[in-house]
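In the part that follows, the structures are each spelled out as structure tokens.
The same subunit A turns up in both complexes below, where it pairs with subunit B and then with subunit C.
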Partner chain A sequence: MTIAPPAADERVAARSSFRKLLGRPEIGALIGAIVLFVFFSLVADAFLRASSFSTVLYSSASMGIMAVSVSLLMIGGEFDLSAGVMVTSSALIASMFSYELTLNVWVGVVVSLVVTLALGFLNGLLYVRTGLPSFIVTLGTFFMLAGLNLGFTKLITHNVATPSIEDMDGFSQARAVFARDFTIGGVQVNISVLWWIVFVAIATWLLLRTRSGNWIFAVGGSAASARAVGVPVTRTKIALFMGVSFTAWFYGMHILFNFKSVQSGEGVGNEFFYIICAVVGGCLLTGGYGSAIGAAIGAFIWGMTSNGIVYAEWNPDWFKFFLGAMLLAATVVNLVVRRRAEAGK
Partner chain B sequence: MSTTEEAPLVRLEGVGKRYGNIIALRDIDLEVGASEITCVLGDNGAGKSTLIKIVAGLHRHDEGVFRVEGEKVSFGSPREALERGIATVYQDLAVVPLMPVWRNFFLGSEKRTGAGPFKRLDIPFMRSTAKRELLDMGIDLRDVDQPIGTLSGGERQCVAIARAVYFGAKVLILDEPTAALGVKQAGVVLRYIAQARERGLGVIFISHNPHHAYPVGDRFLLLKRGRTLGYHTKEDISLAELTAEMAGGAELEELAHELESAGVQGAPELREDARDLGVSD
Partner chain C sequence: MKRKVIAAALAGLLALSACSSSGGKKADEQATKALNGSGGPRLKIAMVTHSAQGDAFWDIVQKGAQSASAKDNVQFLYAADPDGGKQAQLVQSYIDQHVDGLIVTLAKPDALKDVVAKAVAAKIPVVTINSGAEESAKFGALAHFGQDENIAGQAAGEQLNKAGIKKAVCLIHEQGNVGLEARCAGAKKTFSGQMQNLFVQGANMPQVKSAVTAKLQADKGIDGILALNAQIALTAVDAAKGSGSKAKVATFDMNKDLVTAIKDGRIQFAVDQQPYLQGYEAVDELWLYKRNGDILGGGQPVLTGPAIVDKSNADAVAPYADRGTR
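Up next, the complex of A and B:
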């Protein structure tokens, strides 16, 4: 089948591919990433070493995997403040279930997947049933999960961390899937980096090339309008919360098989880092606009900055200041973008 | 009119609707046929939205008969109405502002290609179709990739109308499409409403502005406090009469009559006013 390209309109001529590029949500983040890369290359000699690059990539992936689904959720107009502790919950469930019942670790992995997806479903269901802002609903589930993580872990293991599962059945295969290191062209890369790239690619395809992606933009941009034309709004929103729980499970498995033992108090605060990655990457806090690639660039900026400060031998205490300033700058840029898109002519 | 007794697309006979003990509508007649525009006029709270919500499938009527192409119906959801070819464009719910024009055009009815996990949007088809359909309606957009929020309010309404036409609507319900628009933009929207009629659609056009309704309408239903104040075809009412009736001219005259019989001074002047408004002669 061939489709004749629509006849060129002389008024479009001005809208060159360069202008189009400038209209993309991730463009601000891309420019920011290049500037930061050049900056750290100049001020920190260690920054350009291959080993540094692999560290930066690994940190980026540690935020980026969650930032993928968090950005989709934000485009769909919602927040999930329980995303950080849910990663820990997921790792704790898999670890304790396998260890306490002395089962193959894969049993724990599957049980954890089911329970974590159910947690995402619950977040979504609470949101659509109560009609409360997702910010409030997930603030509640955030504290509940944080409490359960500590409570159950102490109750079961009499410790704040789980015992190592290194010598259990299935550990080495699971580690190969979730946490193996290997080298590409002399650079050591953790498999989580590859998974991150795969997730970003899938999410991008989903957003831009599928009906589901259309619905995600629509429910975030104007849920009432979307409903009026027949988009299943509640189903889409619940699926987005479940997407977050899916990556929480995945990243939880990485943590479990990378570190063998899980700290039950971990994860608190990370939900904000995921949101920062998404917003720096061009997602609007109000929904309906953003991209998964942008969130990936946001995570890469996170990875470069958090490590670059160390390589530059500065006090890492400054990092959070940087992060906050970047969030503000990105939000202002996004606001301008939105004003232009909505009211401009 | 056709010689065969063809049933109108939509016909209401003595329709009533209550919200609890509030009577929102009482004994309303209305009809719209193919290639006809029926205007529903009235002040805020008159029951215009309630009336179209019955036709659009958002509410069920409590009394009277609602027929679509001669068949008695009572819709439980907007989907049921849509399946019978009744599409509604709500003023503030027409589009998602940040999404491109072509995505808005196909939202909820996306065209897809491929199979299984690789089922994807048929983007070239949707882009070119949106562009062509809008052009057919006389809307010449530079770029269907621009966010629909960058269009003027009138153009946005037009895209929503074009979309309903493309997806096979037989009856188009427009809830105050010109209310928030300037004179020029309202004119553009009115032109597309007339165009929809030329394409054979029946249109129910809600407005509280007789100057917008009169030029395009074939029938006019005036509502007041849930009752019919008047139901006219274009031949038997002028714009001045329509305006006067809406402004409450008939009431004004009634009041003058009452005051006169009570011997109140100034009543003749009131009667003059009513005459100027074109109600009585």
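Up next, the complex of A and C:
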């Protein structure tokens, strides 16, 4: 890949705002989301109620918080297959640390943050040092974490789930931060929805308005070229893995304080849902292209589909088929729109 | 000459009297000793289940098996894989190791049929637990310990009637699991109201919560929820509370938090299949068979449940649930 001289670069030529809009990574997902929304509004009576919308948003946030950092990582050209179980690891660490030592739960929360960030750092370091594809490195850490989750939980609690920490000091404050329900205009909303929106906003600002954002696009587009123009590739990639571990910690805390006890086997398979959300939202599997808002819309599509089927009272046996078909449709729309936009550039 | 003959005869007698290689009181004593569990060669018994990693239910089964093993001087080995083919491979590897007894779950009977036949051909006694009541004897297993899921479902349906529930939803947390479908079908059979199934993603609690909330929002008439596992039930309680529904929650299977929830009335009742018994009895049966040729159940499945836990007996069960054996 060569770097075009800046003066003759057609990529920076002015475009009409409509074309600009169509060229955004998230536009396909947005169209898909609108189509799905209209569709479920028509087939399911309960779908349009405000309380239902809140349920859909909660379900979306449960995927969306992780999809934010996973989409950044994918734009940076990498995968993290350990993201799903890392959520469980972080919840287990916080829960067992505070319970076994009978400490204020906030101590566990902080310890878990440190350990989980270290796990992300380790993922990044292993990737950078070995030069292996991140798919392989994190596949390894995925299995290792899944084993550690179960092994440590059984070793420490002699059960496969952690005991409830509901009655411990600091639980109610921590719950207020990570998992509280509150009422807006008569509708109950979980605080994780707000956090999700905050994370999406921060990630979008980071991507589009800061130098770090440019670095992320650059290392995903071509790491070698990025390095050649002075982008700190190693640091950026490690930071992206740590970003994933940060949201894994955050979401892990939500699970812990919402459900009080943690099953050590949970979280396996969710990593693919995060990746699906990011891809539906316009991230390329090859890196260098995508958006955090797109991943949020991807998560919203996921939330609408998984709950819309319930609202529509369809036979649940077909759930996975519907889910797969809708995700595929959204991605195809995405692809078509983007091709058209790029062709007309 | 005569002296020599007498001497030889005496020597022979002496030699004979020194030890009889079979029978006699000593052998009887040894057998009795072995029966009491304090002697005899150490047996190696392997259990292969269809459990996913870290499943709470199978953890209790293992605990039962381990305590029977400790009592019976058995070396207990355990392996599990939810995939039928892989489970069969695990069984095969224990046959290769020449274990003294095998405990197998037949959740996917067709996948395990051949390998169980191989074990029987290799003269390794096989006991089945949990699932496969129908196939157990056909495949040549000695005995089966488990709960008939349909009968357990029927018990749950009757309990729901007692609780005055009119419209219930049965939460299936593993798609395509025959046992779970049978529970819901059994409950539907005896339940006098209306019941429908809802699929929830068991490995993902926030999704379970939102799916149950969505269902309660979609159909305000639902006044009962039947969960098929303890953690799902506790999440369903949260969902019902969050959506302002008055639906009462009942469940299959138990854990510590669930017993507390029964005590304070958040959960109506639990249908317990006593997994501890399944593990314990399976090891004990193999040990009895090896020591005394005993077979439990007379060719019929031995039922370990349903045992209903509700407010009336929750206090009695609580300490056992606390240590993770109920």
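We take it that the second predicted complex is superposed on the first by the 305 of 345 C-alpha atoms of A that agree within 3 Å, B and C clash if a C-alpha of one lies under 4 Å from a C-alpha of the other, contacts with A are read in each partner's own complex, and residues count from 1 in each chain.
The definition used in the following text is that contacts are C-beta pairs under 8 Å (C-beta built on N, C-alpha and C of every residue); 3 or more make two chains touch, one makes a residue touch a chain.
Everything quoted here is computed from the prediction, not taken from an experiment.
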With both complexes overlaid on chain A, does A:Gly32 touch subunit B (first), subunit C (second), both or neither? neither
Touching partner for A:Gly230 - first (subunit B), second (subunit C), both, neither: first
Which of the two partners, first being subunit B and second being subunit C, lies in contact with A:Gly64: first, second, both, or neither? neither
Subunit B versus subunit C as contact partner of A:Glu313, first or second or both or neither: second
Who does A:Gly269 touch here: subunit B (first), subunit C (second), both, or neither? second
Give the list of subunit C residues in touch with subunit A in this complex. 52-56, 59, 172, 175, 197-199, 201, 203-207, 209-211, 213-215, 217-219, 231, 234-235, 238, 242-243, 255-257, 260, 324
Touching subunit B in the complex: which residues of subunit A? 3-4, 6, 9, 11-12, 15, 205, 209-211, 213-214, 217-218, 221-222, 224-226, 228-231, 288-289, 338, 341-345
Using the touch rule from the top, collect the residues of subunit B that touch subunit A in their complex. 78-79, 82, 88, 90, 92-99, 103, 106-110, 112, 119-121, 123-125, 127-128, 131-132, 142-143, 147, 149-150, 152
Would you pull the subunit A residues touching subunit C in the complex into a rising list? 44-46, 49, 51-52, 55-56, 58-59, 62, 146, 149-150, 153-154, 158-161, 163-164, 181, 188, 254-255, 258-261, 263-270, 303, 306-307, 310-311, 313, 316-317, 319-320
